[in-house]
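The letters A, B and C name the chains in turn, as written, and every chain counts its residues from 1.
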């Protein structure tokens, strides 16, 4: 059972990674916490659900959903962050305004779904199981692990090796210096919000599919985990977020499997405190981070 | 809407003062106040639909005697305390209204009970919370408290199925669900069933992969799941995907007695045991006739809450008729008659409905099983 | 041809008048010094030129084009590149990556300043191309900041206190590089507190005092005017 539980944890963790990457990316670039990230994730699942039941092929529904959540995230930037960004001490007002956007999106979803739990129709994705060295693994789990691995690699390549990625990191490090070098910070913000939103949307679809459940509050537990991931991994660090997500997924699986019920959250936060005790800046601290330091 | 008939207050005032004078045709005014909108609409709207059908049928077959009839209107508590308070206060001020069937549930029902006892105005709330009963002599509950319902599934687990080692999954962040789970645990423990594991999930959780693997690979001969229908169906799906032995009995309480359960669970919830007050399609003459006439009128099959509303209205009608026959057609007369109702034929549970001395309703429960994608009565 | 013309420029910071009617010009190929004591408004002037701070009134014409309303990144993409005070290298990124970010301002414009050119000017940048910029010494960071601006293909280079915190030896190296660049045709506006260095390197100079131009003239002439130096520069 141990290896099976580690596999379960890795699958859950890889979806946490998808979710947390966007969150940490926005934090890295803006030094602002986007509380509406959970609602964006939820919106991804909702949009793909309604596309699917109205007859759109599933892959197209995913694509449409990612595009839509990318745009929602841009809207969040324009509504909740843009005006605040230009003033000092934006952290708290931005936090409040993003919570506001979160509440609006959640209320809309509650109305649309009439508070019901939705799920993708049976057969949206083929249910197949494979026996791999005594491990029971579903086709969906394999696809999720592969998709997340490819996307994470693509994101890292994008940030590290492309001109746009350099601009993102330049803005993250020092927005004013970047502007003096010709970097259009507004456009960088819009693009990072789009990427973060699209990744969150995809995570929503995958979670909705993997765990047969789409509901208006589904973003909340993931937001809480994203905080843990971002703190354990190191604020703004992409690699840190990935490692911490997988660590969190596996820890959680093992805690459910081997410890008395109800201790899971205590264990997760215990892990958080332990990491902070040994490495106050998180596993990947500021070294190699996409961005470090505080908002300027 | 057809059932939103409002009657003229002049004639009704006459009806009340002339109560007991047999020669006059009488109107008995009752208001069905349920959550037609808001969070409890899935209960309230359905209860109202069932109650309206019952009242129409009773009037049609002359239940209240020559020329007499029940005049009813349907109002919406909107699952909102403020709206409920103002509506009940307004209704209480209308002397023609004998009683209210409602409000629906939770704090809204409790608010209704408060006003009812203050204004000496009978209300039959849909909830099963004993707090409503304890609030005062004017507030009643329509559904059975868990202390009555849970023994049905606990006995079935321990005695009928003779199971010995149960894994329990409950909801950790909702008191009502925790209370049901605790009750089930203590009942089966008393009956000699060992509890091999207890796990709580949060209502917002959907990732049960680790839990499912743990239970699928642990040594048990049954799994009890005390969660809402959709979440329960999802847990069962993930248990089966984690390789739970398909022959392991899975049991749940009456939260599963909803079409949502089968819709969300599909083939995975086949053979699951649960308790319910209503067997879809009916299981005797009266309930089958109800199922038929409800579907004919509404265009969709009756669910548990439709059947509850239909049954509740039978009890209300008997109470009103008893009060009239006793020559005491007042709010107090209806209240007394309601608390004394015994063995009223209904379409739910074991088909008769009674209030005991503590005004706790009893109509029994059915142990159901999912067969071919439908709820059927489980084998004895 | 005139590269930069400033007419009657006023800038205020939260009610404080930082610049009060500044007018000056920089001709193509010139290296001009802007000197003045601490708080005279020198950095404010450069920030106003790159639109990092908004002006209250006045005109700034760069290569025949009024820059009013342009965003800072558009100004730098037009070829007006500003090496800010304190270098402001991108500390988490390598030397090479810093230089690559510098390319963004160039866009599709042609320029003589290639990566090889920058490495030739500052060989240390090539030696340390993979080093994280934040770990360079102050002088190396200054060279990187200038090199990075060169990658953007400047038509006018604004330098804010390049000698700040540098040893005399390193300052010499930086100024030698600037003179070389100017000799190759680069137009430079140099802000310095170190008046002697600035006047020695440039042909013309402005003295800024409490937000106004107090003196302008040939650098050589100014260097010899002890009265001006004493009263405005306190050196």
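Simple rule for what comes next: a contact is a pair of C-beta atoms (placed from the backbone, for glycine too) under 8 Å apart; a residue touches a chain by one contact, two chains touch by 3 or more.
Since the structure is predicted, the reported quantities are computational estimates derived from the model, not experimental observations.
Peer 1: Using CA atom means as chain centres, which chain is nearest the centre of all the protein shown?
Peer 2: Taking the mean of C-alpha atoms per chain, the most central one is A.
Peer 1: Of the other chains, whose C-alpha centre is the longest way from the centre of chain C?
Peer 2: Of all the other chains, the one whose centre lies farthest from chain C is B.
Peer 1: Between chain A and chain C, what distance separates the C-alpha centroids? Give it in angstrom.
Peer 2: 42
Peer 1: Counting in whole Å, what is the centre-to-centre distance of chain A and chain B, each centre being its mean C-alpha position?
Peer 2: 41
Peer 1: Would you mind pulling out the distance in Å between where the CA atoms of chain B average out and where those of chain C do?
Peer 2: Each chain's C-alpha centroid was found; their separation is 80 Å.
Peer 1: Which stretch or stretches of chain A touch chain B in the complex?
Peer 2: It comes out as residues 1, 4-5, 8-9, 11-12, 114-117, 119, 122, 127, 129, 136, 138, 207, 210-213, 215, 217-218, 220-221, 252-254, 256-257, 261-262.
Peer 1: Please output the residues of chain B touching chain A within their complex, sorted ascending.
Peer 2: 39, 41, 172, 197-200, 202, 204-211, 213-214, 217, 228, 230-231, 233-234, 237-238, 241-243, 260, 264, 266
Peer 1: Name, in rising order, each residue of chain C that touches chain A in their complex.
Peer 2: Residues of chain C touching chain A: 50, 52, 71-73, 76-77, 81-82, 84, 88-93, 97, 100-107, 148-149, 152.
Peer 1: In the complex, go through chain A and note every residue touching chain C.
Peer 2: Against chain C, chain A makes touches at 163, 166-167, 169-170, 173-174, 176-185, 286, 289-292.
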